[in-house]
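For reference, the structure discussed in these notes is given below.
For clarity, chains are labelled A, B and C in written order, and residue numbers in each chain start from 1.
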Amino acid sequence: MKSTASQFPQNAREALADETLQNVLENFADGFPRKRAAAISRLDEFDDLRDAARDIKNHVLANLDTYLTRFEERVLENGGQVHWCRDAAEACQTILEICQAANARTVTKSKSMIGEEIAINDFLERHDIEPVETDLGEYIIQLREEPPSHIIAPAIHLSKEQVAETFVEKHTDRDPDRTLTEPRVMLDEARAELRGKFLGADVGLTGANMLVAETGSIATVTNEGNADLTMGLPRVHVALASIEKIVPTLEDASTILRVLARSATGQEMSVYTTFATGPKRSDDLDGPEQFHVVLLDNGRSELLGSEFQDILRCIRCGSCINHCPVYSTVGGHAYGWVYPGPMGSVLSPALIGLEDAHHLPNASTLCGKCETVCPMHIPLPRMLRSWRTRQVEQNLQAATSRYGLELWAFMAKRPRLYRVFSAMASRVLRMMAGKNARIRWLPLGGGWTSKRDMPAPQGPTFMSQWKQNRDRYS
Amino acid sequence: MTEARAHILSKLNRAIVREDIGAGSVDDRIATHNTGPLPKRGQDPDQAALAARFVQESDLAGSDIQQLASRDDVPAVVAAYLRSKNLPPELRVSSDDIFGGVPWEGEPGLTIRDGVVDAADGAALSAAFAGVAETGTLIMASSPDNPAMHAFVPLVHMVILPESRISGNYEAVWADLRHQFGAQVMPRMLNMITGPSRTADIEQTLLMGAHGPQSLLIMVIGDL
Amino acid sequence: MTKPEQRSPSVALFVTCLVDVMRPSIAFAAVSLLERAGCQVSVPESQTCCGQPGYNAGHEKNARLIAQQVIETFEGYDYVVAPSGSCAGTLKKHYPEMFAGNAAWRGRAEDLSSRTWELTSFLTDQMNFTPSGVRFNHTVSYHDSCSGLRELGVKDQPRKLLAAVDGTEIAESDLAESCCGFGGLFCVKYPDISAAMVDHKIGDVMAGEADVVLGGDLGCLMNLAGRLTRKNLPTKVWHVAEVLAGMTDKIDPITGPSDDEAAK
């Protein structure tokens, strides 16, 4: 998808003015965090599991090349194929070739953020292959030709009325005057529409939550069961995964599963966790004839060994997004690319470039909530700050803030000069205030005073008062 | 492709800050497959307690669950369940050995079909490999006798689970799996199922039966 | 020889740049509370700012230079106390990170870190202090500032101190731990988002019983106060130290004088 990350402030303003979205977000901000807290309160070992999950991924990242080759060996032994792709273009081309070799016209898809990242749907459409999203949320936004606004709840930005409108408009074989007010009825309609697609698809394209090196299995986690129908019914199964998705063993997968759903939706477990290992076996009654794993790098290897390596532990649970006060104010589309919220603001600059994504690391108050709820202990605020440091190093920061901060640092390093300057600032600000001790408009401080008053300084600076009278106010 | 493979692996090799000792530690870790922290929930003293916990957790996950004394009770329970879901008395049953001893003749109105499930089937019955008490999770291992799609295509999925196959945690099942299938060998599809299919994608309204089954009936059989 | 526990501990007040210029009463309140708790308080003269604005904006080199100055200025005191969770958090958590690659300065940064406290947690956790004879007849909503809460674990300490204030009721807000949208430069770079965030908090406070918002970080409090007065809302805002020091009848709240008083 085309990034609009560089227009973040404008995107955000539009989001703030969108009443429907604001209503939906209000509901959102309450739901997931409450469910997560309830699930965690039932599991005393949650923090131990988080530590263990972090350690698993750190160990994998420290041996990623070896693990990938072990995984590959197992896939090949099981009769599957592995395709290594450096970037989005290679991955799209590889998937296209698999589809073309299978004479595919329709591809069912279960939700894959990597699929969004490489924009596979557009690519397949351009080559006359119809991709059909099967996750209900993804299906809705595919009909609306919108990108997802959340990594686990792609249609979270929509009201049920908007969903109903979309169905009436796009499901043209149905009575246009039908009543479509209840989510249940909408779901049943989508289920019926997609049933035929599942059964008729030539290729099933899934993501993978984990790749198990021990067994050469790909693991998917869903609540709908759509990934299983996607991989189980067509003749060809393609699993698209980025290289950091490796876990060593089934035991390691179990540890991660114990923190994944609880962090994501507040479930103990998602409904369906599936380990798929190779194609249909000799006497199997069902299953695909071909099993392909597309292993995608797309910038990950650049992060390894850098100050951003920790983001490669991310398991895409969405917890940081669910708890982010900025996300819950502007929603996911404002961020302008595939991954919103804190994890997105760390990952996107690496994938689409810091210049394009320059707002994202700054669009955070560094409140730190994300790190406290991350099941993998990813230091998200620290990495947002590291991107800001890179911006300074690469001269990508706006001139006003750069000079302002340089001037500030110049003063702060010279206490005597600083005293003179702060006393002056105090005096000027007091002069600008009205009788009610509020400043309504501040030159160069429009960012503040456009939305709030600036309380005027109470009097001369503390340092000057302190010298004269230690006992003031007592 | 081989060029991309070599390129990615060499980039990784250069970027990695190696703290462990490379290939040896990787193979050791895979071979020893140590467990992480195991929740106390699921570490129950005996099989009856595990079964009770499995029942409780399955219920929380939205599964329907019945504890039956023996296979003899299965036909009546199945027939009643289909009626309660307004489904015709027809059932696709996988050919697992466990169904050999089920006296279907006790419900003459019930049509039993073998083979793999298709779009016309409203309900399917299959056998679980194991149950996990910790979260009320079924472990289904696909095979010619237990096609994976039985758990996903129909509106109603029913499962037989011998009480003796209930374990405390997932790790116990993996140990059993290695014992039965061999080290590093997996059934083609291994499905962990915790409740019926659901979605909350429309305004966070929780609805069952998104693409998979709307109802999941687990029959825990005491005596086999 | 006096054992350390027998003499009063020497405390250097880290005033913070915002308190110095905008609201000196907070620093006076902090000194008063620390003295009542039995400390020997100094205010080192060469202090300026902790360097956080630059550090958070990616100006690491400048932040390190400022940090070195702070480390030198505050050497030799038993404790360093700031009436701010975010400035204390910078000294305590971020200075050691800044010198990760420099063993000598890392050691000095860690030494400062081990002596640094946020005011309310120092008073309770270290000095076991309880205010007495203080009255504040208000129902208050306490805002847990992000850095204090998540970097330093400041949560119960201010509430424990406020429990000893006569006439004060705490009405907890569901959003007590939610960010107010200040975020340093965030609030001037993204004023629309920041305002929407502070409105969430204000809305929640207004829906409850509280007529006063208290907190321990002036940045957040100025944000809350500035938005409240801009919207002509009656809720008042104070720094918790001002309340604990019994200073509130001598000074206007951060929201300024009431319109009646301003007219006088």
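Here, a contact is a pair of C-beta atoms (placed from the backbone, for glycine too) under 8 Å apart; a residue touches a chain by one contact, two chains touch by 3 or more.
No experiment lies behind these values; they were computed from the predicted model shown.
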| item | value |
| --- | --- |
| Touch-based graph of the chains, sorted into line, ring, star, complete or other | line |
| Chain pair bearing the highest count of C-beta contacts | A-B |
| Distance between chain centroids, defined by C-alpha means - chain A, chain B (Å) | 29 |
| Between chain C and chain A, distance of the C-alpha-averaged centres to the nearest whole Å | 33 |
| Length of the line joining the C-alpha centres of chain B and chain C, rounded to whole Å | 53 |
| Per-residue overlap in chain B, given as positions that touch at least 2 other chains | none |
| Of all residues in chain C, the ones touching two or more other chains | none |
| In the complex, chain A residues that touch chain B | 24, 27-28, 31, 42-45, 48-49, 52-53, 56, 58-59, 61-70, 74, 78, 83-86, 90, 94, 134-137, 140, 153-156, 158-160, 163, 183-184, 186-187, 191, 194-195, 198-199, 213-217, 223-226, 228-229, 232-233, 243, 248-252, 254-255, 257-258, 265, 267-281, 283-287, 295, 297, 301-302, 304-306 |
| Residue ranges of chain C in contact with chain A within the complex | 15, 17, 19-25, 27-29, 31-32, 43, 45-49, 51, 53-60, 62-63, 65-66, 69, 97, 146-147, 150-151, 177-179, 181-198, 200, 222-223, 225-227, 229-230, 245, 247, 250-252, 254-257, 259, 262-263 |
| Complex contacts: residues of chain B adjacent to chain A | 1, 4-5, 7-9, 11-13, 15-20, 22-23, 25-27, 29-30, 33-41, 57, 60-61, 115-116, 119, 135-137, 142-144, 147-149, 151-153, 169-171, 174, 177, 184-205, 207, 209-213 |
| Residues on chain A engaged by chain C in the complex (per definition of touch) | 9, 12-13, 16, 325-326, 329-330, 362-369, 371-372, 382, 385, 387-393, 397, 401, 405-406, 408-409, 411-413, 415, 418, 422, 425-426, 429, 434-438, 445, 447-448, 450-463, 465-466, 470, 472-474 |
